[in-house]
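A, B, C, D and E label the chains in the order they appear, each numbered from 1.
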Amino acid sequence: MVGLDVDIALALRSYELSVALGVGRERVALVGPSGAGKTTVLRAIAGLVRPDRGRIALGGDVWLDREHGIDRAPERRAVGFVFQEYALFPHLDVRANVAFGGGAHASDLLERFGIAHLAAQRPGGISGGERQRVALARALARDPGVLLLDEPLSALDTQTRAEVRAELHGLLAELGLPTLLVTHDYRDAVALADRIGVLVDGTLRQVGSAEELTKAPADAFVARFTGACVLYGSAEPDAAGARVVLDDGTVIRAATPAQGRVGVAIHPWEVRLSAQSPGDAAMNAIPGRIDTVVPEGGRLRVRACGLEAEVDTAQGPRPGDLVHAVFAPAAALVVAV
Amino acid sequence: MVGLDVDIALALRSYELSVALGVGRERVALVGPSGAGKTTVLRAIAGLVRPDRGRIALGGDVWLDREHGIDRAPERRAVGFVFQEYALFPHLDVRANVAFGGGAHASDLLERFGIAHLAAQRPGGISGGERQRVALARALARDPGVLLLDEPLSALDTQTRAEVRAELHGLLAELGLPTLLVTHDYRDAVALADRIGVLVDGTLRQVGSAEELTKAPADAFVARFTGACVLYGSAEPDAAGARVVLDDGTVIRAATPAQGRVGVAIHPWEVRLSAQSPGDAAMNAIPGRIDTVVPEGGRLRVRACGLEAEVDTAQGPRPGDLVHAVFAPAAALVVAV
Amino acid sequence: QATTVFAASSLRDAFPRIDRQATWSFGASNLLLAQIRAGAPADLFASASTAEPWALYRRGGCLRPVVFATNRLVLLVPRSNPAGIRTAFDLAHGSRKRVAVAAPGVPVGDYARRALARLGLAGVLQRNLVSSEINVAGVVSKVALGSADAGFAYKTDARIAARRVRAIALPGRAQPPIRYAACVVRRRGADRAGALATLARIRSASGRRTLRGAGFGVPGA
Amino acid sequence: MAARAGFTALLALCTGIVCVFLALPLVALFTQAPLGDLPSLLGEPVVRDALKVTVRTVIVANLAIVLFGTPASYLLATRRFRGRALLVTLTELPLVLPPAVAGIALLVAFGATGLIGSGLDRAGIVLPFSEWAVVLAMVFVAGPFYLRQGITAFEGVDPALVDAARTLGARPARVFARIALPLAASGLLAGWVLAFARSIGEFGATIIFAGNVAGRTQTLTLTIYEELGANFDIALAISILLVVLSAGVLLSYKVLSAWSGSTSTSPSPSARTS
Amino acid sequence: MAARAGFTALLALCTGIVCVFLALPLVALFTQAPLGDLPSLLGEPVVRDALKVTVRTVIVANLAIVLFGTPASYLLATRRFRGRALLVTLTELPLVLPPAVAGIALLVAFGATGLIGSGLDRAGIVLPFSEWAVVLAMVFVAGPFYLRQGITAFEGVDPALVDAARTLGARPARVFARIALPLAASGLLAGWVLAFARSIGEFGATIIFAGNVAGRTQTLTLTIYEELGANFDIALAISILLVVLSAGVLLSYKVLSAWSGSTSTSPSPSARTS
């Protein structure tokens, strides 16, 4: 299997970026907060930034090996790079943009991406979604061995975004190239990628499928990224797993053993709100008041007791109501802080 | 009650903007696609753009009345305007920014918004969320009678956005000023506003609470905006409401009478996917294949049969599976096209 | 305000020594004449020839001109004399020389042309590369800095720039009469008294001494 | 690999030629000049007079340029009105006009027999060949540099900031003073540096319109020209003085703007999104 | 309301003064000149010779400026290396240098007794009094205008586009030719307009460095000055010719850039977010 192997280190302004990652014939998303170094990883792979140490290879083809003094120029690496704002050449029409890299099957690509009718347009005159398709077609015209996408959806407004996300999902799946894409929106990552790597301050905190990240986040940061709320406290192992005394004194139970200062991550969909303390002593219950209630989709998203819960509209919770946030010990995921 | 009354018309590049809207002591959100004229409405209220016709008044205080030749300069209208990218003065520190408009209670505001420790910082040196609070404090330093916010969250990245949204929700509720805010993200509007106006091509398509828009969208556009999928067909009234023959020939039933060409809007949370045709003849069922499956929160969002459905992860749907999208006639909202 | 004297470039060194108070403006005489006609605030006009003051006088622009000095035309060559020029006739032989001459209309330019004509060397100006400088200072600078192989200027200029140039006398028959004339400018607000005083100082014994010291001849001596 | 090195080598070659060509004359100035005699040469009365004239006229001219140019460029940058493009072109024309032509034009406008000069003359005001003529020449040739940069600088002020100031109750004058002016300051400074250098170096228009009256209109650049034939060392000395002055202004401007740049161009709200 | 009207009135007043002052000399040029005699005046041999010299030298100088300046400004704009800031400052220095000083500097560098001039002289290359001297003077004073705009223009090319071109397989030379050059073209054109105007108007440096050899180094601006004391009408006629030429270049540039601006600055990908 021809895959991309990356193992690089590079000193950035305020931390060292150090990433080891293999990408097979799959889509891997790098997510992380602004300034985490996501773009830098892509640029290093494309040869636009030179790592201080490390090795980059596509199958047997070594693009970079600092130890052996190998460092191929960007134009000699078989990458397809879709830039954040697409970086289409504003003075060339769509056809010339797509043909820039190779040219042979530019027309095919225009057809395939449904942009043949725009061939004579300048990039300035077409919509955001169309631009994205042009950028993708242009990157593919060179028959790259890897596809790199930097924030492919961030230039789009909310409406177009949902549509283009679905469309891009289809296109990427169809291509079957090793693909590394960068985004700071976890939902985009989930929608587009097979595996997700969470990059924070230059370090990969966790790499795994969306399910793995959700079910077993490596740390509090990853947990919050996947949408969980995190409570902090100190844990002691007990028979059923662990007993966690939260910072406000509340005691909850988790299903996995743990010791010392920990975070407890709970996803909104695992939390039930009830007016009374639950009868069931096996369940965790945190009492408190409702902070905010926001409709989302057909449900309400309620913030209460430091947690979030999704509840049915029918329940009619109102800010200020006294409630108990109830969740099972198995839903309390113990994470490192 | 001192409220803002707006009734203006203004020829824009490609359509006429024409908006009549009253804003009491409540938060009203204007949503709509890019270029719909949302910003222009706010600018007209603030006096930064002059409508061709119309009247703007805050309580008894007339700011604009083209018929009577009244047109107050922006500096003489009691508005607090929070600009899209915040438009903080980059050469002034946070305190001077906040004090620019009035100055008397700038210190109070800095305290109240939790930015007192940033008083001596330049806007360039603080985070996105902090900037937003500075912009809000600055707008309030003048004791405005109306608060106008243009895309208050769009300058923030996805992570900060969720936090700041909750925070802003609290602040706006506390202030109790007539507030008009603009956003192109429907979820922001739902989270922040009491009423939502949908503006398309300069025309208010519908104004109402989030619930009203969801339950009874005025047209296909509004319906899609609220997250529904819309199918098209022609309707005939029948005993139970209407019988709609969709463009692909499928027949579905709606609970409200209708006639002629219509759209049928169905929200994802009303749709159930089942492998077999449902036994219940009263339910609508559209057969088809699953296009995409995307995890979202604790559930999966599945596109199938031109509709979206939210299903539990346990169900394990996979792209390509044959399914029926099942929904009640009451969930099939007939909308104008 | 000090008396303003518009004077020929070649007087640049001598005049300020005669009258320290006056304000000076040195340039090509023909240009100074044009400036005075355009309203320049000159009180006294001292030209390197008699033609310009008389022209001004005929138009009522000044009082009757008087001649106050004479000068001689010389051929200047750089001290190093790369072209090996010994006499004016060398300009007509050998390789093409770079020659600096003042423009026609500038007194020293007209004098040079007249001298060449008298020597039968008028062709020199066709044959060589001739820069027609705007004033005599331009001629001297071109020769002094070696840009030109030779140039026509006044004997007095050769003294000032003696460190860098050497003067070659012209044959007596070629020497045109060079007479400097001055006149008191008539215009509204002119400082006539000051101009007369300065003119008197120029023609005084000490003035004549200074001029002679600078290499000029003085009339009526 | 060869082609790529070839291209860079070509670039480097051109850059080298350009830089050597530009540096050579400046180097020559310092190696050929009698540096030891500099103080005594610059102490000559003719130089001192010229220095005084230059300082006086440059100060007055630059004050006029800044005082009139700042409001004018603000108006041209921020208001849209009929004929605006014409006025902007008018302010740019002197930039491309040969200075000698500028001198002739000033002469026929303000000279004794000129368009309005004859009227001024009757009123007893004589401009040509006076110190005012030097100032006018400087303003005419150097002012447009300031105007052009000023227009650019004011146009560069984010209109959202102006709108924000207005909704915060600031009248146009306050918007100008507190928002537009501080934000355009570095651009205005750049324009002023150019205008200053242009005015101090003014030669062609001055020699034609203002003449060469010592102590009154003879500026340092005119003295250079005059001393060329008389005392070349003085010309060299003044040249060195002016080179040092020009380089000093240029460098202090660069240092200043780099310094202010580093404090104010740190990620600003508007820079973030670009 | 009074204060606000007052402020705008003040702005308008300043703008009025500025515009009248700048327009007056140009108007005077046309009203005072013997427009009827223009053809015959411009037909005088001295004018025809000067015109030929000017055209030849301006063309050669501008060719040199563009040929060497384009690669040099590209390198200075896009590569980071030690001493770069120094080189950039070096290219800017002639912008603030008085032309008379430039003339002196060229003289001591390339003159017969100059730094390298004496060597050239021995090698039989004589620059003074030659057309090459005029060209050198023009390149020295006008080149930096092109370089500065060129550096700005190349710096303004979105680096993401360059990166994109490289990941698409383009070598540096192709990136330059297909991406950087077309995108910087309008900025380069603006710089060239300034350089062209500056070279055609060159006076101070030429008069000092190149001499005034008819048919060889006497350009139109030198002729203006020479004819000032001889035939003022010729000076006026040449002035009008040069005004028309300068204005023509300026206007055609503005029309051209407005035209190309309207096609290429329509919302571009990068403009969207700013």
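The rule is simple: a residue touches a chain if its C-beta (ideal position, glycine included) is under 8 Å from a C-beta of that chain, and two chains touch if they have at least 3 such contacts.
This structure is a prediction, so every number in the text was calculated from the model and none was measured.
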Partner chains that chain B and chain C have in common: D
Path length in steps (a step moves to a chain that is touched) from chain D to chain E: 1
Length of the line joining the C-alpha centres of chain C and chain E, rounded to whole Å: 36
Geometric centre distance via CA averages, chain E-chain A, whole Å: 53
Distance from chain D to chain A - Cα centre to Cα centre, in angstrom: 54
For chain A, residues that touch 2 or more chains besides their own: 73
Overlap residues in chain E, where contacts from two or more other chains coincide: 4, 171, 207-208, 225, 228, 270, 273
Residue numbers of chain C (touch at least two other chains): 138, 141, 145
Chains touching one another, given as label pairs in label order: A-B, A-E, B-D, C-D, C-E, D-E
Interfacial residue positions of chain A with respect to chain B in the complex: 33-34, 157-159, 166, 169-170, 184-187, 190-191, 210-211, 214, 225, 227, 267-270, 291-292, 294-299, 303, 310
Contact set on chain C toward chain E in their complex: 28, 30-34, 78, 80, 82, 98, 100, 103-106, 129-134, 138, 141-142, 145-148
Residues on chain D engaged by chain C in the complex (per definition of touch): 107, 111-113, 117, 121, 124, 126, 128-130, 211-218, 225-226, 228-232
Complex contact set, residues of chain E against chain A: 158, 160-161, 163-171, 178-179, 182-183, 263-273
Chain D-facing residues of chain C, complex: 2, 4, 9, 12-13, 23-27, 35, 38-41, 136-141, 144-145, 157, 160-161, 164, 188-189
